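Note that chain A is present in both complexes that follow, paired respectively with chain B and with chain C.
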Partner chain A sequence: MIAYWAILSARFRALLQYRAAAAAGFGTQLFWGLIRVMIFGAFYQSSNAVQPMSYQDVVSYVWLGQAMILLVLFRPDVEVQEMIRSGTVAYEMLRPLDVYLVWFTRAVAMRTAPVLLRAVPMFIVAGLLLGLKAPASPQAACLWALSTAMAVLLSAAIGTLMTVSMLWTIAGDGIGRLVPAATFILSGMIVPLPLFPDWAQPVLNFLPFRGLADVPFRLYTGHIAPAEGVAALAHQLAWTVALIALGRWLLVRGMRRLVVQGG
Partner chain B sequence: MPHIVAENLVKTFHIAQRRPGIWGAFRGLVHRRHRTVRALDGVSFSVEPGELIGYIGPNGAGKSTTVKVLSGILVPDGGSCRVLGYVPWRQRIETVRRIGVVFGQRTQLWWDLPVVESFELLRDIYRVPAGEHRQSLDELIELLDLGPLLDVPVRQLSLGQRMRCDLAASLLHAPELLFLDEPTIGLDAVSKLAVRDFIRRLNRERGVTVILTTHDMDDIEELCSRVMVIAEGRILSDGPLESLRAQVTRERWLIVDLVDPDEEVTDPDAEIIRRDGERVCLRFDPSRTRPAELIARVTANHAIRDLFVQDPPIEQIIARLYEERQS
Partner chain C sequence: MLDSICVYCRYVSISIRSQMQYKASFVMMTVGHLLTTAIEFLALWALFARFGSLRGWTLAEVALFYGMINVAFAVAEAVARGFDTFPAMVKSGEFDRLLLRPRSTVLQVAARELQLMRVGRLVQGLVVLLWAAAALDVTWTMQKVVLAVATVLAGTCLFYGLFVLQATVAFWTIESLEIMNTVTYGGVETAQYPLVIYRPWFRRFFTFVVPLACVNYFPVLAILDRPDPLGAPIALQWIAPAGGFVFLFLCLQGWKIGVRHYRSTGS
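Showing the complex of A and B:
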């Protein structure tokens, strides 16, 4: 475990170096957040019907999304991608470590350091000035924290699966663009999931993607009552375990066929 | 106990072939044509502790496949092997814990971390106790002159500096067996000498077994007591450098510097193979012509400033070995 912890912390520290990227990202997310809040404001003012989510909750949901955006905006691990492209990825097996766990650990680092760099200033600015409310209750806050931690693992599991898939596609650019486009919508980053039509709800509830954003955000605002929180966490956990199992299984197969490339 | 025993290793790859052109690409979607490449075709050898072995062969000969099988990355189709007593592909983690590997073309250091942090990470990965780590790191810093490089991020190192750091990185866990894959590739003369000197000391003083693949024949001549030549998946020659020479050719070269650069040189027992201004290179067979006689004759017939006898360069020996194999 010490080895994986060391990799995590080294990667975390390396990623904390990219402060300019974080500042630029923060600016962009702030701008997009303002636009999204205005759009939802217009929708809510133009209708008298009772909405499945209050305007106040939607505003908090939007700002949480802008803060945590990198959990959903998957980018393949460029270093691993480069290794796969050059065929040297087989040499990952030269360390006395489990290759899947190493990649998963790297994915976790990629989903914590950059997220923290953007989320902390976003919470401060949005909380003080832009209508992001505090968590609905201490219970809600605890569940939100737990669920966010689970979202990091879930996101890392999906990301590692994408990395592993590059063992077949080699390029990875296609998957690197398609998957984020789909997960962005299905996780609630464009429109909060409760605002989707009723017929879509069973599908959205089943898929893993709501665990990345929608579940923690609604636990935060109390839209999912703390009593139902455990079920929501279980959904995240089940998908995380399943995707890790799938990723490991694929990696073993992929490594076997890839070593041919190295020559 | 030998460090490596390989018996009759066989590894074949099936490579899907694309037919040329658009039509070929479409046909490939329906029916793939496969080509079978025998990367290892019955490779057997054994390595005793403390040996320093040169492993050479043309590109695609099977060198790197051998290294991959021995280090647990590849599972062979046939044959057996033991590395430090382990079957590498079944006991990968146990095996790699006790071997070191350096690839000249690739770094094992973390690109955006300072060198010293990479070393610390390796300490944690191999679970080297802090005291031992400190001691072996101090030794390596001293031997490879790494002091000024420790705080530099890896991406800023020159190739020679990086190679020195990579060598240190592969040795921090004190492996008994070290695979070096082209460690001098692309290095300038000074760095090359430093790396060579280090490999020699490592082998002599610490008794580390080294398997060195290289295309630089100076590396082989300077370092290796034993040379294995592989081509098309088979070991063509295995033994001391001298016996490799003897196996291919007995000829030697007499190099003569003439006083008059335009003078013609002829001798019944020697053949001119190169002429470069005043310098003439004569080939002769020492088993038929005694070198002393030839030298006496040449010096008697020509005005000579300098002369010396040498073996043909190892490159030529190897090239001839490959040619014989193909014909």
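Showing the complex of A and C:
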């Protein structure tokens, strides 16, 4: 356990160093958020019908999305990918550690330090100037915090699954592009999930991706009432466990058939 | 001049052949790129399904904005790739070598790579564009077709200019300036919708600083036969694409100044 904690804290501190990249990313995200808010504003002015989500909630949703974007917009672990490509992944198997847990821990670090670096300034700027409201209630705030922690684990589980899949595809360019694109729209980062057509809702509700963004954001704004919060958290937890199990199983199979190119 | 074009074609054919060495990878990347960009249109469609219209604009009308800007951007992205990755050349000092060769630096940097993968966005944009052209109640006269083609070309020039500008900045900063993504990728995102839906300061920025309106909003209004809600005269709508060409010309002048200021990192 201590070993994994050490990996987590070392990676966390290493990733915390990329402050210039975070600053540049912050500027881009700010711009992106502004565009999205204006587009949604125009859509809301176009229709008098009652929408499944209020405009104010959508604005908060957009800014939360920009703050937490790195939980959703992820790539496979580049260093592990390189290990698989070069064959040094064999060393990973020699260590007296569980390979899946090592990779998972790295994934968790990748989803905390960079996310924090961007989320903190975004909350300050969007909260003070751009219409991001405070959480709907103290319960909503607690549930949001819990749900965000779950989202980190869920995101790490999906990311590790992608990393494991590299054992088969080696180059991983295809999966490395397709999964993030699908995740991006299915998690609500482009359009808040409640605004999708009604017939799509059951599918969106079933899939794991809403646990990355939509669930925590709606708990924050109170769009999911605190009473229903437990069910939403259970959905996140169930998928996280399932995806971790799948990842472990695939890793064992992948390692068994692994052929390391000599050199 | 003719000689330069030959050299450019040689460079490009080498770049294409090298990408074709990894066919499976190329196909996957292209399909991935196509789906990534198609997802954005899916989101647009979902919003129209929910709200019906966008301040009086229909899905087909917005699709025309969307298709034209995406086609223009896809072409620019593919052919300006050499400028996009240029900061790495400055950092490594590799640019020194280019200065020694008896050809213009613009030609050599531009010809470094033609990124075929961008066909993904191009196809997606073309499909949306053709669908919009068919679905709209527009009589496609000769003048309008010419205007549409000119607009796409002007859009390509504008984005090309932005990539050149991004590369030029690297002469001073050595680093690649990520914030420029807000006007390239952010520009495409913006121009997928009619400019009139945005706030005034934002519209002004994309009209007078980065003349995105000239290569999208104004000419598309002329194609749709819609008077500008902001009051731009019809004549302006027809000549607006010229702005894209002028912008590229100015950026290339900026590049020349940048080359003169180049100091090798000498590593």
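Basically, the second predicted complex is superposed on the first by the 258 of 263 C-alpha atoms of A that agree within 3 Å, B and C clash if a C-alpha of one lies under 4 Å from a C-alpha of the other, contacts with A are read in each partner's own complex, and residues count from 1 in each chain.
Here is the rule we use: a contact is a pair of C-beta atoms (placed from the backbone, for glycine too) under 8 Å apart; a residue touches a chain by one contact, two chains touch by 3 or more.
Just so you know, these numbers come straight off a predicted model, no measurement behind them.
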Overlay on chain A: chain C relative to chain B, clash or fit: fit
Partner chain in contact with A:L34 - chain B first, chain C second, else both or neither: second
Which superposed partner A:A90 touches (first chain B, second chain C, both, neither): first
Greater residue coverage of chain A in the superposed arrangement, chain B or chain C: C
Partner chain in contact with A:V191 - chain B first, chain C second, else both or neither: second
First, second, both or neither for A:A141, with chain B first and chain C second: neither
Contacts of A:S46 with chain B and chain C, given as first, second, both or neither: second
First (chain B), second (chain C), both or neither touched by A:A14: first
Smallest distance from any CA atom of chain C to any CA atom of chain B, in Å, after fitting: 11
Chain B and chain C footprints on chain A, overlapping residues: none
Interface residues, chain B side, partner chain A - complex: 13-15, 60, 64, 68, 71-75, 92-94, 96-97, 101, 103, 105-106, 108, 110-113, 117, 120-121, 124-127
Chain B contact footprint on chain A (complex, rising order): 2-3, 5-7, 10, 13-14, 17, 79, 86, 88, 90-91, 93-97, 256, 259-260, 262-263
For the chain C and chain A complex, residues of the former touching the latter: 25, 28-29, 31-33, 35-36, 39-40, 42-43, 46-47, 49-56, 177-179, 181-182, 186, 189-190, 193, 197-199, 202
Residue ranges of chain A in contact with chain C within the complex: 21, 24-25, 27-28, 31-32, 34-35, 38-39, 41-47, 49, 51, 171, 173-174, 177-178, 181-182, 184-185, 190-191, 195-197, 200
